[in-house]
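Going by the order they are written in, the chains are A, B, C, D, E, F, G and H; count residues from 1 in each one.
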């Protein structure tokens, strides 16, 4: 079971709700993924279009727990205000805390992130910070009160997979008791499986599913890959080796004469 | 469906039968993997121990189609004789043709492999050659009559995954109509998913399951990873990019003043 | 020419002075490397052993500019005091600022690093911060007044090379006007060349030379690799491609009949 | 010293002569590289253009030993005839034997390569076969009489570097007494250094120099990288490790109180 | 009075944030609000007087990753 | 007569391969055979006379990867 | 007589390979030759009679990688 | 008076930092000093009185990476 603060979930796949070709595709993708948590955002509402009101109905139909984000925030202050609006809007203490350092990489601004996390944790938020594999930021986020960390694998939407696998491994080793979710940069089910094999607790995805040729099938693909990676972590992987080792028994190989006595 | 000569299979995971902690574990792993094909070998039978007779009963209980190998053969002649014994022993025209160049790498000897494949195809065998990603060998194996090729990912038992992903990709591109199965070197479900994402038709595994901490759970892990990779291949993966792209919509981000008119 | 604050150097290899088998080997390695800058530290001096007094004479013989470090500091305060002692001791405003997050990874503590950099820059130090590829820390260090950044390639002494090449590339792209020196994690001349090919300005090394089988020859190896990488960056590398392209002209190949008219 | 059959050379960089922007650039690149061996080809000569006659004069001015190739040959027969023409044309028993499996990858056709090598070695040629990292082909080439093997790093002209480093390492380990030259796929000096660090004897390059922004400087870059890699191999590289290790001594770090007794 | 609503200049007769929301048809809608960068809870909208040039945010749920 | 059975020297009175298999208790067993490196089908075992120093293989199913 | 020279059809009066080379101005040039896929050494050109439809290669040094 | 010198307890009669350094034979040596975590410049050592339990650092150049 995945533990996020005091809630527990069977699914280890958190799914974003953006960029799908249609609301129906989103719905079917969420079902195919058997996701229990979906991410949402807070955006300006136009009095005419009232887009958000319609989207809210869609979300309610999904029957998932929502995880609002602070996507696009560039300062701790913006993120804190956005988080507070999100708490009221979605009726949840959860916040995916995202403070971005620049638009090209969408890298977390670790300093503003820690600043905002400190404020929000103190206000009773359950903060899920979008961070990097950096250990010094992780320490401060945990000290602030975060029991979940969400490091990137690669820049958001880049689909490049684990660009610093060593860093992700080290983070896992350093925070054995913290729930670790890889958020951002996952492009393929094999990436998701790899993350889970490292002992990560869950994966948060959006673009790789929503922009796939067939998002519903891709959602299913990721769901199985994440299960696969988790099972593998639990079952215990064999160690890679530089040498080959026969799988078929060598003893009794026909036509060998070296055993003649 | 996976097509091997004129047979078709729902499962894309072929499982080796060696190295399990117990016959019962083997059985449960095959079930957990939902494997329809298992690999077996031909070994000298002792009049006293009669080990093979007992093993045969176990295999019959599995209810799988068997794929005998020529593991350990060092010459085309040995491999051909072993294949002929296997055909009689297991009552199948299938042969996983393996001719090894040396004991340290267990690399296929491409020259003896092609020689043996030519002889066996001519005798009506349905040859599944254990080969490398080499295109010139692949061409000759296909010319010999093989409609299935089984390149390695890495040395047998090394668990290193795709050591030459470029080569495997090229092989897939060159032989779109040939059934391609990665055989050897897979250590983790993420490796298997990666292979399937490239459009490979199936994966043949043994050590990574049999020597896992919990082989039954690991069998399940691989089964899901292979499904995941296949689904992903069918669904169409997104392309990796050097740049980040926001998943959450940028329009309507609160607190932005750049849209003031 | 390498520019560090207002000083300029022909050599782009900064060499550490620790871990050599003998003072003489250190001397010959510095000569073989044609290094113009060596790193040193500040350590407790015993009234009996007076180790530091002897070491200082060795350093003076090297004829290099010294770059003192704050190795081993765990807080901004420790680092600042160490830097002040170093300034007096070595008579230089330069400081390789190192604040470590933990002993296992020796990863920079980005938060304490920025804090210390702000204090030291304000005091007129010329700070060369040992940092990571993190952009948000880099921005703050540059804002503090650093015109040189020294990101790691991998953990100190690990010899693993560029574990996050993407991150290093991005850092280079983001700070075109800042002098960037890779410090830590370089194990082989090929790593150093790779860094320089990315457009980095210099490489700081210690363990890979000092602990090599033959440190003097290895120093020479690194010196050439760094020149090689710099030349390559200046000359303009060809782009990698997925496809093969003949180098030898295709036109005029003997025995081809397709050109028969 | 590099040994090719019974000749010895100080330089470990063999340079191709094709694709330079001008004959003068070629000349200066060869000088900058301090190359002692250049590769050339055999192409149809037009009675009008007499291109080859002019090229020959250029080659004579270079003062290098020439290594003619059989580039573009698709069958053993073509390669053998081309080799015989080359021997007469260039007055050398050396032949860079190249038999290509297909135009997209320019991968060696290992089967035709071995066939041609057997014929040519028997005729007294000193064959330098362009091959892959495949051990079974290597064994047959050595058995044919080759004392030099030239495996690719990646497809010709692709500039991708070592796509199968494991395979190249294994080849080196298997044939300690054979002169091994990486030929094809090198794109950057760091690739060349990496090859030499593995203990390879030399590198053969063309496109990466000829098509660089500034071929002359790039030639120099490769020359130094190859020296760097060779020195490093001779000096003995340190082993990579998963853990960090301080380079600066830990003992005597100021402000530490744990040593209080 | 001219204010900035979601980054655009508008003229409103609303005296407080609650009136503004109502005038835009947001009564009962799933929205949240901020004034000059600071969150204003639903229960405090009526008490939050508007001043010319105030920057008001009215936000609602939207897709997110 | 001395032969090599599965790589080990044994002495047998069997005159042909079928007799040898039977003498070892392999009648009806799931085995396959080869003589001097060449496969001998079950139906040809009785016709396959043994000669001193013949290298006989008697194989059976076994685990394989 | 029509032959194939370096992949192109030409008509020549040369009776042997040496004459052909000379007629093309290749006397003394650094060339090598093949007829119908087989190398013909310089010393054997005069003895190599041409036959209609022969495929002749005349090659020279060129840039190579 | 007992102080902490470079992490070790010692007893000294020195009244200020300069005297301490001299008493240890560091007059003229290439050293730098800190008291209770704060750097003390050479010129201020004589003015820096020692107090029992002070933590003194006396450092010198050393190998570094």
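As a working rule, a residue touches a chain if its C-beta (ideal position, glycine included) is under 8 Å from a C-beta of that chain, and two chains touch if they have at least 3 such contacts.
The structure displayed is predicted, hence computed values, not measured ones.
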Per Cα centroids, the chain farthest from chain B: H
Which of B-F and C-G has more C-beta contact pairs: B-F
Equivalent of C-H within the choices C-G, B-F or A-F, defined by over half of its residue contact pairs recurring: B-F
Between chain D and chain A, distance of the C-alpha-averaged centres to the nearest whole Å: 45
Mean-CA-position distance for chain C and chain A (Å): 34
Euclidean distance of C-alpha centroids - chain B vs chain G, Å: 53
Chain centre separation in whole Å, for chain E relative to chain A (CA means): 33
In chain F, residues with contacts to at least two other chains: 6-7, 34, 37, 57, 59, 62-65
Residue numbers of chain C (touch at least two other chains): 16, 18-19, 41-44, 69, 71, 78, 81, 85, 104-105, 107, 156, 160, 206-207, 246-249, 252, 254-256
Pairs of chains found to touch, sorted by chain label: A-B, A-C, A-E, A-F, B-D, B-E, B-F, C-D, C-G, C-H, D-G, D-H
Touching residues on chain B, where the partner in the complex is chain F: 16-20, 39-47, 50-53, 55-56, 59, 68-69, 71, 77-78, 81, 84-86, 88-90, 156, 206-207
Chain G to chain D touching residues, read off their complex: 6-7, 24-26, 29-34, 37-39, 41-42, 57-65
Chain E residues within the chain B interface of the complex: 4, 6-9, 34, 37, 55, 57, 59, 62-65
Complex interface listing, chain A residues touching chain F: 246-249, 252, 254-261
List of chain B residues in touch with chain A within their complex: 16, 18-19, 41-45, 69, 71-73, 78, 81-82, 85, 104-107, 155-161, 187-191, 193-194, 197, 206-208, 210-218, 220-225, 227-232, 234-256
